[in-house]
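What follows are several structures.
You will see chain A twice below: alongside chain B first, and alongside chain C after that.
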Partner chain A sequence: MRTRLPLYGVLVLLLLAFLAPLLWALSGSFKPRGDIFAYPPRLIPDPFTLDNYQRLFSGQPFWRWFLMSTVVALAATAVSVFVCALAGYGFAKFRFAGRKLLFGVMFSSLSIPFAVILVPLFVMLVKTGLGSPWFALIVPWVAPAFGIFMMQQYIVQSIPDSVLEAARIDGAGEFGIFRTIVLPLLRPALGALAVWQFLQSYNSFLWPLVLVSDSSQYTLPLGLQTLFVSEQRQYDLVLAGAVIAVVPAVALFVLLRKQLLEGLSTGAVKG
Partner chain B sequence: MYTPPHPNRRALLRGALGLGTAAALTACAGGSATVRTSGEITLALWTHDPGYEAFFEKGIPQADRRTDFRYHLKVTRAGAPDIVTKLLAQAVAGRGTPDLVGFEIGSFPRMLRGDIAERLLYDLTDDIAAVPGLKADLLPARTAPFSKDGRVYALDSDTPMVVYFYRDDLFDRYNLPKQTVTWEEFADLGARVHQEHGASMCVVSTAGSDAGQVVQSFQMLLYQRGGAFFDADQNLVLDSPEAEDVLRFLCDGLRSGFVIDVSDYYGAAMQTALKQDRVIGLPMAIWYKNYGLVPNVPEQKGKWRVKALPRFARGGAATAAVGGTGFGVIKDKANTQATREFLFNTWLTHDGQVRRFTETGYLPTRRSVYDDPRLSAARDDFCGGQRLFPLYRELLPQVPPFHQSPDQSILYDVLAGNLLRAYHGDLSPRQALKQTAADFRDQAGR
Partner chain C sequence: MTTAIAGPPRSTGDRADEADTARRPKSSWAPYLFISPFYLLYILFMLVPIVVSLWLSLTEWVGLGTPHWVGLRNYRLLATDISFHRALGNTAVFVLVAVCVVVPLALLIAQALNTRGLRVRDLWRTAYFVPVVVSPILVALIFGLVFDRQFGLANSVLRALFGTGGVDWLGDPSLAKASIALVMLWRWTGYLTVFFLAGLQNVPRELYEAAALDGAGRLRTFSTVTLPALKPVTAFVVVTSFIGAAQIFEEPYLLTGGGPAESTLSVTMFIYRAAFQRQQFGYAAAAAVVLFVLVFGLSRLVNRLLGIGRAS
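Entry: the complex of A and B
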């Protein structure tokens, strides 16, 4: 125990360093604007005020932004987790013409920054009549190459062919095998992917920026940024908004923590 | 590894039907617009600044009286650079462009590349010429940044001349004269004040993530000194004796403490410096009062004053101009005519320009409006009741011209880096400017 004390000390320091911005934001959201950058800084707000939150809710369509972000991110997560699992399963367990080429193309797309495909993707959706925000905010995230790759790797490592062959001999259909055997076994990886995917969609800025012009359909990152535009940087409102914006991501993490940790540690320990 | 059976004919047909539907939807996209000439109309306005939103909303009754339209506004707010990104993407997709767009001046050069401005924005030149006396009345220094090949694509919101903001109470306490003739004398005083009181009287920004802001603090004094980034033909003219003078002045000021470096003019670092009385004055464009001082140090209301900049002993003007937002009209839309009329009947009217100053703090862009007694009479509470407008009117003839280039963002990026290296003493002012010019020519190819 004694030999580990220095390690714990370092870990506590690191923890404080990582928590400091969050604590500062939380503290600042309860301070009057003029106190946020007061020197020396005070962690405990004095005076304590809820005014920032009240003004955030009354002066901006904050709850709409929040709802938009949360619904879009949840929908994108649900669909993408299913699609990635299905595609990953296909790549891992099926032999078909062009499989290697297709997988290579999919894998290489990981290296393309989103900004490069932003405009062509937008034009494609608009020209096909699918550019409505509710639809277009979700669609680009439903088949991320990273997710498919992650699922493929997990399935290759964790699900033996013999299990699937046994199911086929028992007369199970292909989709039935996927639904009743593969998906339950994939649960840890699905949890990890869900958290990653939710954060990707929830924090997305560039795509909603291009896509959405109606302020009432803004997502949270876009909405919060409007509080920061021009030189009037409303740190008080932004901090209050940021504190609330963290809640769904933290809630999802707490909910899927077990699966996330299992998913991330898969393959780390030799069995 | 399992080998699935080949798809049957029905599955192939289903796939083909899906592709056909997508193709049909593609063919249906797009449509034509009928030009609206009167009646109820909703204009889509994009801006980065809530102040403009309020201005145009209040201007609706006046526009309704003067035109055949009944206006409504649908406003979208986004960051200044984001507006251009969004506009270009929407234009490429052929849908969703606004009717009226506010371009922050530093973001507008992206519209000057190739024929983007010509293809996307309505050319306001003939409309300006059609109003008797308007062309001569508009300040060329404020139409030039939004022009290309002599055509005007946006109307500026401001004549953002650079003045000196200072803490009147602390200038008194530190026995500083209110009128100093030259920057050189002022810098000597500043060095003394820094030594005795730890305060600085000039600021440079070192926000590494915001090249525009880093450049701005140098740009203001460069233009005042008579230098520039680009000439009227968009050629780089930065590497000049004037630029070297100004950069050396700032570097020397940083060493003596007359100049302080802060990481963000509008944010935490500056607010702290102001609250701690470590910054007791700075050269800045007039809008800084509303967007920098008032939000950051509201408790210092009444303590600030504005005066003309000291001059450089080796030449230059009494002021410069930094910032501004040009409002442009998207061409070939059903609402284009209505938008032009709205802009001309709110933004450019005499009363509209007076209102712009009294409500948003932005100076008129028409010379004749400067004679309006309402402007001269206006007192500013934040500046202790000072009448600011007579000073601005006096400085107006000296506002230097301002030209932009489509490659401006490249210059800002390379210049910001080299300015910081000069401030840190890693490069001499001469080396920093030479390096900037070389880097710019490498990257911009001209």
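Entry: the complex of A and C
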């Protein structure tokens, strides 16, 4: 144990470095405006106040931003997880003409920077008036190659062909097999992918920034940004909003962290 | 990536039969139906935009009226645009930091977390991952406060430790770049650690035992056992962080606005600025095409060299 002491020391220091800014923000959200920057910084707020939160809720359409983000993220997650499960299964359990090529095309879309489709997507969805902001906010997250890859890897590793074959002998249809056998077995991976997708959409900033001009349709990051860039830099409100915004994300993560962390690394490890 | 499904038929009797029948489902159109939703969306929201981008890059367009065909003029302008050169250079610095600092640091941390008998490994792993979960705008907001010149946490800590403060983190060109890199480091190290840790836990223990029997020291074991076993993970991590860092936007946009003196302007910010602040849609599209060629080309090259992303 004695030899381990330095190791734990380093790990704790790192832990502090990783979490200190977040804890500082958390404690700041409960401090009166004047105390946030007090020196020396104090972790436990004294006096402790909920005033920042109250003013956030009374003076800002905070719940609307929150709802907008959450609903959009849930919709994007539902669609993309289903699409990924379907395609992941297709690639994992069938051999068909063009499989290699199609897989390569799918996989290579991982290397396409979002900035490349930013301008044309904006032109297509806004300039032509085709998409409502709701639809447009969801669009960039519906077909992630990363998710398909994750599903494909998981299916290959954990769903034996014999199970599918048995179902086929019993006369089950292909989609029936997918629905009644594959999807239930895929549950842990679906959970992991769902968390990841939710976070991607919920945390997205650049696309909503470009897309949404009407303040009644702001997502949470956009709304918080307006508090931050306004003339009087409302740090107190920003911190309170930041704390609330991070709650669903961290809660989801803590709840499903095992699946998520293992799901994320499935593909990378096997190489 | 894997050989389990698409490899050649196995020679052993019953396993081969089993695999063979499973590979021949009754309907040959089924796999295409399964993958078609993805390709439909892919074509609509990926392929079509890329083609549109290519076409827009050959036009001059303010976002209203009809785009005006200008041929390669946007590209010629980019070639002499100092701002674009700065954006490319800054982005290259961020990519280098990601690949040469963040990746090795993540490997080191993973190595530490992989120590045998380490307690509450899951807790460490979870805690280090938390910054990834926090939205980039919150990260930027919080670090905006951390780096505040007068009152920020960074200067407070400096003052407490060394009695000096007042460092202008975001106001000095090279410090601003370093600050952005620091935020990147904070945000992504834990994420990459997860991959390395998973890779390390997959290295067969016998390999380490064999190395120990041969009397190999720590460094030797690391270079002859650990590193080769980690090759696929490393490849994945390097490509992922390359692509991620090449697209950096939120941190410079929110923390520094690309400044001071464009010292933190990234390519994505350049594209955003051209299109949505200056209404130069054609010019922005041309910059996007350049970014696409660079990122796609380089990551494909690395993929090919390291052999990731194959279906079989």
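Everything below uses one rule, namely that the second predicted complex is superposed on the first by the 230 of 271 C-alpha atoms of A that agree within 3 Å, B and C clash if a C-alpha of one lies under 4 Å from a C-alpha of the other, contacts with A are read in each partner's own complex, and residues count from 1 in each chain.
Everything that follows uses one rule, which is that a contact is a pair of C-beta atoms (placed from the backbone, for glycine too) under 8 Å apart; a residue touches a chain by one contact, two chains touch by 3 or more.
Worth saying up front: this structure is predicted, and the values here are computed from it rather than measured.
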Checklist entry - chain A superposed: clash or fit between chain B and chain C? => result clash
Next on the checklist: Contacts for A:129 in the overlay, against chain B (first) and chain C (second): which applies, first, second, both or neither?
Outcome noted: first
Item to check | Which of chain B and chain C A:34 touches, first, second, both or neither | outcome: first
Checklist entry - Regarding the shared-chain residue A:202, is it in contact with chain B (first), chain C (second), both, or neither? => result second
Checklist entry - Is A:228 contacted by the first partner chain B, the second partner chain C, both or neither? => result both
Next on the checklist: Looking at A:213 after the superposition, I want to know if it touches chain B, chain C, both of them or none. Which is it: first, second, both, neither?
Outcome noted: first
Next on the checklist: Taking the superposition on A as described, I'd like to know which of chain B and chain C A:118 touches: first, second, both or neither.
Outcome noted: both
Item to check | Partner chain in contact with A:164 - chain B first, chain C second, else both or neither | outcome: both
Checklist entry - When the two structures are overlaid on chain A, which partner does A:179 contact: first (chain B), second (chain C), both, or neither? => result neither
Next on the checklist: With both structures fitted on chain A, tell me whether chain B or chain C touches more of chain A's residues.
Outcome noted: C
Item to check | Selected from 1-9, 91-99, 145-153 or 199-207: the stretch of chain C that, after superposition, runs into chain B | outcome: 145-153
Checklist outcome for this item: Dual-contact residues of chain A (chain B, chain C) 36-37, 39, 93-96, 118-119, 122-123, 127, 161, 164-165, 168, 174, 206, 210, 225, 228, 235
Checklist entry - Can you name the residues of chain B that touch chain A in the complex? => result 1-4, 22, 25-26, 28-29, 44, 46, 48-51, 74-80, 82, 85-86, 88-90, 92-96, 98, 265-268, 271-272, 275-276, 287-288, 291-292, 295, 297-299
Item to check | In the complex, chain C residues that touch chain A | outcome: 1-2, 4-6, 18-19, 21-23, 25-28, 30-35, 37-39, 41-42, 45-46, 48-50, 52-53, 56, 63, 109, 112-113, 115, 117-118, 122, 124-131, 133-138, 141-146, 148, 150-153, 156, 159-160, 186, 189-190, 194-195, 197-199, 202, 231-233, 235-237, 239, 243, 246-247, 249-250, 254, 267-268, 271-272, 275-276, 281, 284-285, 288-289, 291-292, 295-296, 299-300, 303, 307-312
Next on the checklist: Per the contact definition, I'd like the list of chain A residues that touch chain C in the complex.
Outcome noted: 4, 7, 10-11, 14-15, 17-22, 24-25, 28, 36-37, 39-41, 82-84, 86-87, 89-96, 99-100, 102-124, 127, 139-140, 142-143, 148-149, 153, 156-157, 161-162, 164-165, 168, 174-175, 178, 199, 202-203, 205-206, 210, 220-221, 224-225, 228, 235, 238-239, 242, 245-246, 249-250, 253-254, 257-258, 261-262, 264-265, 267-271
Next on the checklist: Which stretch or stretches of chain A touch chain B in the complex?
Outcome noted: 33-34, 36-39, 93-96, 118-119, 122-123, 126-131, 161, 164-165, 168, 174, 206, 209-210, 213-215, 222, 225-226, 228-235
